[in-house]
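Below are two complexes that have chain A in common, paired first with chain B and then with chain C.
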Partner chain A sequence: MSNPSASHRPSPEGTSPSAFLKGLKCRECGRLYDLAAIHVCDFCFGPLEVDYDYEAIRRVLTRDAIQKGPNSLWRYKHLLPVVNEPTIGLHAGMTPLLKADRLGKALGLKRLYIKNDTVNHPTLSFKDRVVAVAINRARELGFKTVACASTGNLANSVSAHAASAGMNCFVFIPHDLEAGKILGNLIYKPTVVAVKGNYDDVNRLCSEIGAEYPWAFVNINIRPYYAEGSKSMAFETAEQLGWRIPDQVVVPIASGSLLTKIWKGFQEFSSLGIVDAHPGLKVNGAQASGCSPVYQAFMAGRTQFVPVKPKTIAKSLAIGNPADGYYSLDVVGKSHGQVEAATDPEIVEGMVLLAETEGVFAETAGGVTVACLRKLAKKGAIRPDDLTVAYITGNGLKTMEALTGYLPEPVGIDPTLASFRKIVNPS
Partner chain B sequence: MTRLRFHMTFPEERVKEPILYEISQKFRVVPNIRRADVSDSSGWVELELEGELPEIERTIDYLRKRGIHVDPLEKTILEG
Partner chain C sequence: MSVLIRIPTPLRPLTNGQNEVQETGGNVREILDKLTAHYPGIGERILDEKGDVRRFINIYVNEEDIRFREGVQTALKEGDELSIIPAIAGGSR
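Take a look at the complex of A and B:
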C-alpha cells in the first residue's frame, strides 16, 4: 500500500532529462512526470514507464555504434534509463545465445536457440540485468540505501550489486523461509529482515516501507527504470541472431515484466531501423501450473486474471498477483502467441532435458520454459522451421532441492578395475 | 489521517454487491476509486482509502473475510 504523498518526495538529484530520456509517462493516461523515484500515476494510478526521445536516439544509434560498445548490456545504453556513464554492474548481460540442436531434435524444432542467462554476472540470473540498471539509476537519484522483498534471485542480485556499490542494502523475507534460501545473500552482508507473517504480510509491509523510507526499493519506486533492463534480452537476441527478430520466443512469466519488455525491445530495435520489422513475431508465455494466473486467464479468453496462492517448485515464478499480468496477456494476444503451463514433474523433466541435451543446468524457471516450449511444439503452435528463442533465466545451482528424488543414484563399485569393467560392459 | 492505495480483485459472487458503499458505512474510511474494470465474472478496483491506520486495517480485514483479494497497488512485490 503506497502512501502517495511520501512517494512523491523530490529525489535528491538527477531528475533533469538526459539527451535521450524525456521523463516518465503513464502507461494508461499518458500523463508526463519527471525522471524521479516514482512508479505510479498520481491521477489514474496507472504504472509509469520511461519515455525516450527516439528521434535523438535514432541519430546516434547504429549497429556499428552498438558493436563498438562494451561486451555487456551497456552496449545498448542509449535505450536504457541511465543519465550518466554506468559504474555498477558493468558485466551484466551479453550472455550466450546457444544454437540448441540436440534439444531442438528432441522437440522436433530445427531452428531453436537458448538465451542462456544461467551465466549472467554477478549472480547467475537475468535479475542481474534489471538490478544493474536499477542500482545505477538509484545512485544517480542520490539514494544511499537499496531494498527489495525477495526469496531468491532478486535478493541475490540486489545484495551483490549493493555490496559492489558500497550501498546499504535491506532484504525482506518471510520469517519461515528455509535458511538455505537466504545463505547466498548473507555473504554480501545486507540487512536481512525476516518478517513475522505470511507472504501477503511481507508484501504489504514492503509497500508501506517503500512509501515511508527514502530508499531505492528496486521493484517499487525504482520499478520504471528497473524493468527496462529486461529489454536487453531482446536487444542481445536480435544482435546475436545476426540483426534479426526471431519468429517465436518463449518467455517465463512471473510478474510479466520480462515478457512485455522483450516485446518492447524488439519493437524499439525495429522502429529505430536497427533490425527489419517482423510483424510475424509470436510472444509465448510460460508459467508453472501451481502459479498460473496469466495462463488461466489466457485459456478462459479473459483479459482480467484472478490472483492465486502460489504452490509450485518454481519459486522464482511464484507471483500470485503479477503487476504486469494484464500487459503480458495483451502482448501475447496482439502477437498471436500463446501461454502454456507446466506441472512440477514436467518442470523437472524440462530441467533434465535441457541439461542432458545442451549441457545447461537451469533453475526451475528454466524447466518451466522448456516444458512449455515442448508443449507448444507438440501442438504445432511452434512449427519445426520457426526461428525460435527460449529464455532460460536462472542457474540450476540455485534450486538444487527441486531435483531431490528425481535423479538416479551414483553407480557404486569396488575400487578395482574388474568392478568398473562390469559397469562399463555388463555382458 | 493516512491515505493508502490498494488493488482489489472481486470474485464473481461479489461483483454485484455494493461492497465499497458498505465499507464507507461500516468504517470511518473514505474510498476514492481511480481505476476499475468490472465484468460479469470478475472485477478489479484500484483505489485510495483515507482514514486512521487502524481503521484502514480493520477495513482490509473485513474485505478479505468477504472474499475480496486485497493487495497493495503494486500487487505482488515479493519476488523469487
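Take a look at the complex of A and C:
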C-alpha cells in the first residue's frame, strides 16, 4: 500500500515516468501509486487516475504545438498517459465535427454540432480512442496478451488493435450481441468468449479472471490509462470549434466513463490556457429507458445509483451497474446539466432522424443521444442559441437488427422504363 | 451456515495470502462481521466510517449482486459463495 504523503516510486516494470506523468492517484483518498497495471486503490477500492505534471505540460503545450501534431488523437499526446512515442493505433481520432443544420432545424436548435465517431479508425466507434491509448500502454508495461469485457464496440477495437500489434487477444462479450459486433471480432482472430449473461456478469467475471491471469484487461487493470483516451473527444471538439468550449454537450452513458472524461478534457484545456474557461458548460447524459440507472438516480435527486437489469435494444449502453455512474451524476450535477432517457421506439426514431437529416448512420447508442437531445431541446433545457455538441459514438452498420421492421422495403420493379414510370412514378 | 468468501487481491495480505476463506453466518452482515473479527484491518477496508459497505465495493452471493436482493441483510444458506469485488471495472461509454 502506498502512503498518501509519499512520492511516487519508480515503476517496477522498468518504464520510468515520463516528463509529464507522475504516477497514479486514488480519486477518493488520494493515495499514490506507481504507473503500473493497477486500477483500484489498495486501501479504499476507489478508482486510480493518472496524475499528470500539469506545470511541465503547460510549458510545452500550445495551440501551435497541437496543430503541428499528427491528424489523430496523438496530437494531444502530452495529455495522454503513454511514456514513449505511440506505435499502434496511430489513426484514431480527429473525426469530423459536423455542423448539423438540418437536424438542428428539426429540433429547433440553431447551433448544433455532431461529433461523428461512426467513422473512427479502425473499427468505427469511439472505442478506437481508448484502445489506442490502452494498447500502447499495455505494450510499454510488457504485456503480451490483451483482453477486455465488452458490450461489443470495445471488443471490436481491442481485437483489431491486438491484431495489428501482433498480440494475443481474449475478448469477453454477452452471448446475445448483434451479429455485426460478433463478426467484427472474429475476423481479427482473437479468442471470443461469449458469456451466458449480461454485460455486468461479463464484467464481474473478468474482474475475477484478471486476478488470476497476467493479461492486460484494457478496461480493468489498464483502465486508468485506457479511460484517458476519451478526453480526446473534448480536445478535438474544442479545437474544431475554433478553440472554444461549447455551451452544452449531450453524451451517451453506459459506464459513464466517456461523460466524465469529456468534462475532464474541457477542464484540462481551460486550466492549461489552451481555451478560455467556460463555467457555463452543461454536461447532459443520455441513457436508454431500458437501462437507465443514472437517469433514475438523477430524477430522484440521489447522488448514487441503484443497479438495474438491462433490457434495451441499445446493447452498447446496456450496463446496469455503471462503474462511473457515481461520477457521472457528480459531473452532471456540478455542471447543471440533465440526464434524459429514451425508449426503444424513440431510439430507432433518433437513428432515423439523424440519418435522414445529416446522412449519418449511427448505431443504437447514437439513437439514444439524438432522442435525448430532442427531449432536452423540447423542454427548454437546451435553448435554440446554445452552442451544442452531441456525441455520436458508434456506427449503425453494427446494429442493423435494431431497424428490422422499422424501414420501408425497397421499391421492386421490372428492368424496364415502363415499369419504373408506372411503379416509382417520380413526377 | 458455512460460506466460502472470495478475497480480492488487495485484501489478501490481511488474510495471510488466502484467496478464499470460510466463515459462518446467517446473512451477509454476519459474515462480514466474522471476517472483520478474524482478520484485523479488513473491516476498515471494506466498510466506511458508518459501517456501510464502501461505495466502490460490490458484494455478490453466488454471482448475484446483493443490491438485487436484500443488501447486507441477504440471507445465506449452507454452501453459498460470497465474492468481494472492486466496483471499478469496465467502461463501454
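One rule holds in what follows: the second predicted complex is superposed on the first by the 389 of 427 C-alpha atoms of A that agree within 3 Å, B and C clash if a C-alpha of one lies under 4 Å from a C-alpha of the other, contacts with A are read in each partner's own complex, and residues count from 1 in each chain.
Note that in this section a residue touches a chain if its C-beta (ideal position, glycine included) is under 8 Å from a C-beta of that chain, and two chains touch if they have at least 3 such contacts.
Since we're looking at a predicted model, the values are computed, not measured.
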item	value
Touching partner for A:Ala19 - first (chain B), second (chain C), both, neither	neither
Contacts of A:Ile187 with chain B and chain C, given as first, second, both or neither	neither
First (chain B), second (chain C), both or neither touched by A:Leu407	neither
Touching partner for A:Leu397 - first (chain B), second (chain C), both, neither	neither
Touching partner for A:Arg302 - first (chain B), second (chain C), both, neither	first
First (chain B), second (chain C), both or neither touched by A:Pro252	second
Which superposed partner A:Tyr226 touches (first chain B, second chain C, both, neither)	second
Common ground on chain A, meaning residues reached by chain C in one complex and by chain B in the other	28, 39-40, 43-46, 149-151, 153-154, 199-200, 203-204, 206-208, 210, 219-220, 223, 254-255, 304, 306-307, 316-317, 319, 321, 323, 365
Of chain C, residues touching chain A in the complex	6, 8-10, 19, 45, 54-58, 60, 63, 65, 67-68, 83, 85-93
In the complex with chain B, residue positions of chain A that touch it	1-5, 28, 39-40, 43-46, 148-154, 172, 174, 199-200, 202-204, 206-208, 210, 219-220, 223, 254-255, 302, 304, 306-307, 314-323, 325, 365
Touching residues on chain A, where the partner in the complex is chain C	28, 39-47, 126-127, 130, 149-151, 153-154, 199-201, 203-204, 206-208, 210-211, 217, 219-220, 223, 226-227, 251-259, 304, 306-307, 309, 316-317, 319, 321, 323-324, 326, 365, 393
Chain B to chain A touching residues, read off their complex	2-7, 9, 11, 34-35, 37, 39, 41-44, 46, 48, 69, 71-80
